[in-house]
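Note that the chains take the letters A, B and C in the order they are written out, and that residue 1 is the start of every chain.
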Amino acid sequence: MNLLAVEMKNVNVYIGNRHILKDVTLKIPSNTVFVIMGPSGSGKTTLLRVINRLIDLIEDARVEGYVKVLGFDIMKSDPYELRKYIGMVFQIPNPFPHLTIYENIAIAAKINGVAKDKKELDNIVRWALEKAMLWDEVRNRLHDYPHQLSGGQRQRLCLARALAMKPKLLLLDEPTANIDPVNARKLEEAIVSLKDEVTVIMVTHSPYQAARVADYVAVLYDGKVVEQGPAQQLFLRPSTEITQKLLRGEM
Amino acid sequence: MYNWRKLIDKLFTYMVIAVSIVAISPVIHLIITVLLNGTMVIVKTGINFFISLPPTPFSKDFGGIAPAIVGSLLMTFISLPITIVLGLFAAILTTEFPKNTISIVIDTIAKSLASIPTIAVSMIVYTIIVVPMRSFSALAGSIALTIVSLPYAYTYFSTTLRSVPFIYREAAFSIAMSRWSTVLKILIPVVRRGIVTAILMTLVRILGETAALLFTAGRFRNGVTISPLAPADAIPLLIFDFVLSPYEIWRQVAWGASALLLLSYMVIFFTVKFLVKEVKL
Amino acid sequence: MLSRKDKLFFMSLLPLSLSLLAILIISIAVIGIRSIDSISFFGSKLYTMNVWDPEAEVYGLLAPIAGSIVTSVIAILTASFFSIPLTITIAEYLKGSTKNIVSSIVELMGGLPTIIYAVWASQYLVPFLKQYVMDPLYSYLSFIPLFSCKPITGFSVLAAGISIGISITPYVTALILEAYQSIPSIYREACYGIGATRYESIKILLSLARPAIIAALVLGFARSLGETTIAVATIGNSMNLNLCLFSPSYTVSALIASQFANAYLYPYAESVLYAGMLILVIISILLSLYGSTTIIRWRSRVIV
């Protein structure tokens, strides 16, 4: 299925009376790692939340334009159905604090009907933890609570939770921003290994991280897409001044 | 110059601490005297205090406060669940849709309701329930208690729910949880300590309320009944009537009832403080 | 932006949530309607005269209204005398477990059923106040009109004011403490930065919190206006109107608590009591809205 995972045409987003995204047009191919770069406040996080309609949580947000995700016209479809196909990992690790490591992953699988019985559930939990490269560290403490894990481990737990839904699309919102470099590397490794099964859309402000993982890159500045294309091309021959500055770390 | 400033600083410190000690000494004196006077009555009466009818002004035995205990339990049993459900629904609405006009209206109304004197609630329920039904009743009392405690329950619940970090709400939605499961399986369990505290604090409000019952519950002390439609007594109501009465024996019984009420309050308070397990974020 | 399921969720919460609105509307409507009879019959005299004569069908609520206000003023003075130092002690001087114990005691006081305060105040506090406050004040300062009458039983406006003041101290303390502690630490650091002593920096922080403190006192005042059980148990319950704080009197709620049960026997008595409550409810609601919006506005200004 080498179609587009996400297609946006002239998307505008307003929160209250602030104009956050301006005429965004994007094409994100399936089974790639697509990185969105940009300085803070450029609208990266908002863009990600349009895709799974988490933006609905912001009461005074308004979305205009055409967005197609995995074949759904998302403005016309049920966001709760849509979200079953889209996993997400956030800037701050947010495993559910009242659930054990096991339950955190199991709950995602159960909601989406991925597992039928206890045995299947066990298998999915193990599979997700392995994919997130966390299994070896937690295999003997599945019934511990997340606060007993380190920050980096918690973030990989969140990745495992997202994977347990067996998503077709994975959204990552600066997933390594709040964890140490060693854990960040492990997470990156896990991400790259995933692209056979899912399309990954990742937001980051680090050009180095983008260079390590990206197949495609889009640069966002002040709510507008200033440049997008295959990663190599964009890194070698950035066509706008904003991208050049961003790559030099001047932004 | 410098020493002068230092001296004022010292004097100020001593004065502030002295006044603070004076400020909390009444409650310590209160707890000691109520418990001393009250437990003496309870100990002298023994089990009868809990299962007998109140004395007549001229009897020799203290008797007991069974009708008040049963009445308080009955009205709490009716009113607490209603209050919790109404308060929780309203709190969920205003925390899930904080910018919606209806939420803002409800939030403001809760504040206004909390400021209505509880005796006014008693008069209102008297007009709309007691008069049409031609009788005081535990039901009327329970309705008055619900009205009085609802704004508090709402405030406890909404403060608690609002303290759930936004990141958990996002996490729940990102794994395609529905609105209701997010509330029931994530938001409420994450702050379960706060929710239990809110329920217990509402319980305390209901158990200790006096004025709302004055013209609603009736003061049926000649027997024990558990019919919601019959007049009932309540512990605070009995204390109110007996402590202001001219009869020494009634005042003694009022001490006993006060000690019982104070003890139940303190047990609930310390349960909240020490026993409810908190979720580590 | 709401999806169809979000709207359904909203609608499923709406009916029960509106109970608060319904209660408020019904409450005000009932009190208003039941007041109409007496207000239209007696007019403004109802609030400007001082009589309670059911047999002659003449009523004037001036004494209890004045009693409510004077009692609440004394209560709020008492509460501010206690709660501001208590706030400073908890926020500035105590640490670790002592801080925990003291703030727990304040919390414990705050939730205590008022009937318990009423019992304690009527049996211990009132005699104590008579002996150690009222009698000496009368002996030495009786030329001041406020202290000009001989305290007989001790049950009086002053006793009620102080008793209610003690009972609302934890509430007011909690409000002030919350405001005081929410002042960002940069201000505190700025105070020490200019070489202020503890006392001087507390003074600066308190003046920064002044609007919130005043709002807290307004909320405390509203709460004392409606207090019933403690008032009935300590004010002496008599239709008196004079300047002396040692004489027994009524508050509106105390009058209702003592007279409402038999009021149905007389044509206008019930309605008069509803009319008294109407005034109280309106004042309480306005004050509490003022107080809570002031605190919210102050917070949004101080905490950036």
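The rule we apply is simple: a contact is a pair of C-beta atoms (placed from the backbone, for glycine too) under 8 Å apart; a residue touches a chain by one contact, two chains touch by 3 or more.
Everything numeric in this text was worked out from a predicted model, so none of it was measured.
Chain contact topology: the protein chains form a complete graph, every chain touching every other one.
Ranked by how close its C-alpha mean sits to the mean of all protein C-alpha atoms, the top chain is B. Spacing of chain B relative to chain C, judged by their CA centroids, is 18 angstrom. Separating the centre of chain A from that of chain C, both taken as means of CA atoms, is a distance of 54 Å. As a whole-number value, the distance joining the C-alpha centres of chain A and chain B reads 47 Å.
In chain A, the residues that reach two or more other chains under the touch definition are 59, 80. Among all residues of chain C, those that touch two or more other chains are 5-6. Residue positions of chain B touching 2 or more other chains: 97, 100, 178.
Here chain C touches chain B in the complex through residues 5-6, 9-10, 12-14, 16-21, 23-24, 26-27, 30-31, 34, 81-83, 85-86, 88-90, 93, 102, 104-109, 111-120, 122-125, 166, 169, 197-200, 202, 219, 222-223, 225-229, 232-233, 253, 256-257, 260-261, 273-274, 277, 280-281, 284-285, 287-289, 292, going by the rule given at the top. Every residue of chain B that touches chain A in the complex is listed here, in rising order: 97-100, 165, 167-178, 181, 185-186, 189-190, 192, 279-281.
Those residues of chain A lying in contact with chain B across their complex are 52, 54, 57, 59-60, 80-81, 83-84, 86-88, 90, 92, 94-98, 107-108, 111-112, 145, 147, 158, 161-162, 165, 171. Note for the complex: chain C touches chain A at residues 1-6. By the touch criterion stated above, chain B contacts chain C in their complex at residues 5-6, 8-9, 12-13, 15-17, 19-20, 22-24, 26-30, 33-34, 85-86, 89-90, 92-94, 96-97, 100, 102, 105-106, 108-121, 123-124, 126-128, 147, 150-151, 154, 178-180, 201, 204, 207-211, 214-215, 236, 239-240, 243-244, 251, 254-255, 258, 261-262, 265-266, 269, 273.
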